[in-house]
Amino acid sequence: MQLASDNSGPALPAVMQAMSEANAGHMPSYGDEALMSRVRDRLRALFEAPQASVYLVATGTAANALALATLSQPWQTVFCTPLAHVHTDECNAPEFFTGGAKLSLVGEADKMTPDELQTAISAWPAGDVHNPQHGPLALTQATERGRIYSCAEITALAQVARDHGLPCYLDGARFANAVAALGCSPAEMTWQAGIDAVSMGGTKNGCLGVEAVIFFNAENAWEFELRRKRSAHLFSKHRYLSAQMLGYLADDLWLTTAQMANAQAAKLVQGLRGLPQVEITFEPQVNMIFARLPRATHQRLKAAGASYALYEGPLDQGPAEEPLLARFVCDWSITDAEIARFLDVARG
Amino acid sequence: MQLASDNSGPALPAVMQAMSEANAGHMPSYGDEALMSRVRDRLRALFEAPQASVYLVATGTAANALALATLSQPWQTVFCTPLAHVHTDECNAPEFFTGGAKLSLVGEADKMTPDELQTAISAWPAGDVHNPQHGPLALTQATERGRIYSCAEITALAQVARDHGLPCYLDGARFANAVAALGCSPAEMTWQAGIDAVSMGGTKNGCLGVEAVIFFNAENAWEFELRRKRSAHLFSKHRYLSAQMLGYLADDLWLTTAQMANAQAAKLVQGLRGLPQVEITFEPQVNMIFARLPRATHQRLKAAGASYALYEGPLDQGPAEEPLLARFVCDWSITDAEIARFLDVARG
Amino acid sequence: MQLASDNSGPALPAVMQAMSEANAGHMPSYGDEALMSRVRDRLRALFEAPQASVYLVATGTAANALALATLSQPWQTVFCTPLAHVHTDECNAPEFFTGGAKLSLVGEADKMTPDELQTAISAWPAGDVHNPQHGPLALTQATERGRIYSCAEITALAQVARDHGLPCYLDGARFANAVAALGCSPAEMTWQAGIDAVSMGGTKNGCLGVEAVIFFNAENAWEFELRRKRSAHLFSKHRYLSAQMLGYLADDLWLTTAQMANAQAAKLVQGLRGLPQVEITFEPQVNMIFARLPRATHQRLKAAGASYALYEGPLDQGPAEEPLLARFVCDWSITDAEIARFLDVARG
Amino acid sequence: MQLASDNSGPALPAVMQAMSEANAGHMPSYGDEALMSRVRDRLRALFEAPQASVYLVATGTAANALALATLSQPWQTVFCTPLAHVHTDECNAPEFFTGGAKLSLVGEADKMTPDELQTAISAWPAGDVHNPQHGPLALTQATERGRIYSCAEITALAQVARDHGLPCYLDGARFANAVAALGCSPAEMTWQAGIDAVSMGGTKNGCLGVEAVIFFNAENAWEFELRRKRSAHLFSKHRYLSAQMLGYLADDLWLTTAQMANAQAAKLVQGLRGLPQVEITFEPQVNMIFARLPRATHQRLKAAGASYALYEGPLDQGPAEEPLLARFVCDWSITDAEIARFLDVARG
């Protein structure tokens, strides 16, 4: 009943195996090893982007902050939703890496609409030295609430940005879950929809700690490399990042793992819907569920050892039937048995 | 004959084994896992510092830049040698992490003397708003030229810093090699000598990518945590950093591995001394050797597949007997057979 | 009919005179001149704060950005309204000077309420390394919409901040206009209400370019001086800043000038109320008026040479009676005749 | 006998007069006033550079730090001498404004040679992600020791920079003194010699506080404007900067004032040479003199009220004949009588 986060589970056996295989003999450092060439080739093929610049870093925040810094200037403002990870969960990493850019919040939810984006951009007059200047659009796919943008939605948002000459970044910490849910290709969800740079997360989907950052426009490449080094995110024994990513990409493991996680979440949602007094607050589309359950249900679950984020409280005091918001995340390793047991306990 | 760097070799089997063992089931993220508590306990015991704050990051540059930023202010200057890694090899990471502090260069070599430090500090008047303000002392142990400070030398340098109220940081990317060479305790080489914070490198000595940062003064703890998060160096699946460090610390592996690397380098030096026309430019004390060999010798070695850094050239043109500077580094995995073969080829 | 801004008018004769008088012979530089001692004494007396640290800078943005940087850390978030000058009109200066702090927006108007502030603070959990940390409260007095907080309102807001351990900064670019409107003392509006640092603007109220920054807590003094120097805002011929401020403070000129500007604005408002189809959007309390006038009225005014900011448009197309938002600012030099003429033209 | 600095003297009457004349009525703010158009035209004409971008700021450090930031990237290193103002006297302003660039020191004196520059550039391998990247050359003219580069010397240095693709900045805090000494045109000393951007100081040469920054390549213009605003150096009542500069430029006042200051310094040097036991340490070329005088001479001068910087000491203790280094600066207002009296006292 470990539903706290998709970063609390173990790594995939195939990824661990790739790490072991990479641990043989001497290799060049800092990404010059042959393994990284193979990573580059595979990701270019997967994204149908033979000219793309491909890099690896070890954390999602590094991927986001480095990509946004490469696409922006310190006097600009990034456009993102108020729930975006880059705004709420990175302790000002984007502000740090960009040298002091601002984040302007678009809309009020985890997904933005083209109209909301247009409104947010227009709120800052173009070409006026006094206010923050327009900078990149940052979308999150899947969102922090477990929802996804369709490729058409991404295209429409990117078009608004492009109309203002702004680059588009896609935070793909849960990239694989989104592709699995949409059934589209990586290319369709990114550069074909107008995305300039994307992170493709491995950490939350069965790796130890690796994220690919891909620029479809090669002019950003050298600056990104300098920013990565300057921020201490260039690994000397880079082979272990490469190996993780190779293991993750082999045999479509990245996709089948995400499909599995999404499927388990779907089972959990289905079960939750069968319970009384449960409110699903966002229609789950990937491996994350936001739902309100009665306090008494939470008490039973927590007492039985279930692990998940409870956003409202207190757990111990108040009416038994009062609904309290919680988040349940299925990582790849969640079993049918765990879900069944969770639902059993929830049923009471 | 892989002598390019101690970051080009593989990880220790025991470290890989610890990674595998840590890859079981769900765990709290971000350093809240039980493994990190054990790391903390072991490092506090090893350093005889029960109150020390202990953190893990994945790269040596992160350790250095985060520690220096925590100990300094943007309007200050760090004091280090002109050969210090923080000055020459981090693409301005210290300047970035500190928010724009300056590095003032002390002396002209890889080791500084107390007089040179005193001169460098005095070059900036204290309390004058116009010039950079005095900031932390940064020593490297072992140095970038393979030499070490004795504990007495560290004590004398730290005393100069303390006389000016300045904190002392020790870049211990090759901490274990230095302890192995000195035969002292970690405490003697650090807080007992006046060091306020130290990094203890694992990456170059048989880990995949992990460095401990230890503050002997607890008041820096929370700021360091915020800086680590803000710079994207807090790992979600932190367990794999903890596991590496636990494997590295078990059974004194960190020390015996360094002793082994130092011993292999000593064998190599001994062999090099037996060759004609070889000049050892710095008396090697750990696992790094700087030496000048005739061009013809380099040509034979490179042709035979030896890998190492050649600082002077060109390799292909010029007198056969002209001496050219090179660096040879022994990592833990270098065998007697490799050294013998290297010397055979060098002998011609 | 020059109502564009209180920074488009000339300087007060007495201020110009003080500049001329200061232009005699040699003096120490960088604020060490005797004139600055007199400034310090006068401002300490005016604020009834004998221990206050007092500094001069030349622009309001410098005052704001330096004060906020001194009161915050890069991983924190400042709390201000969405209309605050520091958010909308400084091209990310606060983010630059703080080293990348975030601005969290409180409420939706130019004034915030204690409840809104409490909500904004609580939106970021305390002590969680992942999100921005709580930083200073930044209030603007008078606001960007020409309104003022009462001393009781400031006290209530500062109390919310203090309950969370947060310092309070007051952007007083129009400090004098606010004091004039409230009829309170500078002390009542600042430290007695819980304010830790304040800027007292001279530029908009008859000086050439000078703002005082006052810290009621002396511990911030040296850091502010270093930040001022490092940001190139320490003037070598500082005497001309001191002289302006001395001229401005003499004979309560700062206050009588603001009273005059406020009074002229009151006359203008009274006149505007007498016109048909005029909507005063914010109840003006100082020297700024936000009002909607019919397009035809704007057309007449602009044609007659009136200068002011028109926020809606277009001027040339659309129904004659359509109301369009504009801002009218009275600086000290606006005469009764100008106001009368403006109203005449507006009347048609 | 006020020889402390050329920033301790008063402003020129013509400059004060221009300020008074500019203090009439309302004007657009932020550099949009007609006065600034005239400044732009005059400086373009003076520099024979019709396309140049021209800006005004109020301090020399702002000019330097903003120009260098515009010409560099945070991962680069600026090349300057160890005596450069940007290195020694700006409390890390260049590091702050550039976002953390490094300053690499060239040579060991106040002037650098092309060979020294070449050596300093070559010390950082090009295209290596690990070390700081090559950034702009920063020259100071006149230097901090009162010496000047000939136009040929500037050309030779700029050529070295250009060979590496690096832009060249000239810190002209004492620009006028240098032009006066060389007898060349502003164009010859700048863009014709390979300079990309230059500051032309007014503050030290009879203004209150104004420096022009001129880019000969228009592509830097908008970025400079954004950086100036973001660093709080864009003045709302910009007219007073424009007026100073106009007064300064009228009737070649900038040049004749510098000629006067240089001439007074020459008289002082001539007088000093006539004294026993005086050593002129740098051959003075502008309005600054570095000389060693016996302690007893200093004691007499200081007792008589002379004001200047004494770098060695103590004044009160030690052999009467011991030579102590001092700096004497003649600003425009130093009279023949003052110099005569100084020499009288010095003679004893």
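Every chain is named by a letter (A, B, C and D) in the order it is written, and numbering of its residues begins at 1.
Everything below uses one rule, namely that contacts are C-beta pairs under 8 Å (C-beta built on N, C-alpha and C of every residue); 3 or more make two chains touch, one makes a residue touch a chain.
These numbers were taken from a predicted model, which means no experiment stands behind them.
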| item | value |
| --- | --- |
| Of B-C and A-C, pair with higher C-beta contact tally | A-C |
| Centroid-based (C-alpha) most distant chain relative to subunit C | B |
| Whole-Å separation of chain centres (CA-atom averages), subunit C against subunit D | 34 |
| Whole-Å separation of chain centres (CA-atom averages), subunit A against subunit C | 42 |
| Centre distance in Å when subunit B and subunit C are each reduced to the mean of their C-alpha atoms | 51 |
| Residues of subunit A engaged with two or more neighbouring chains | 74-75, 90-92, 96, 99-100, 129-130, 133, 226, 229-230, 234 |
| Partner subunit C, residues of subunit D touching it in the complex | 2, 4-5, 7-11, 16, 19-20, 23-29, 57-62, 65-66, 90-93, 96-97, 203-204, 208-209, 226, 229-237, 240, 307, 331, 333 |
| Interfacial residue positions of subunit D with respect to subunit A in the complex | 30, 73-75, 99-100, 129-130, 133, 225-227, 229-230, 234 |
| Residues on subunit B engaged by subunit D in the complex (per definition of touch) | 74-77, 88-92, 95-96, 98-103, 105, 129-133 |
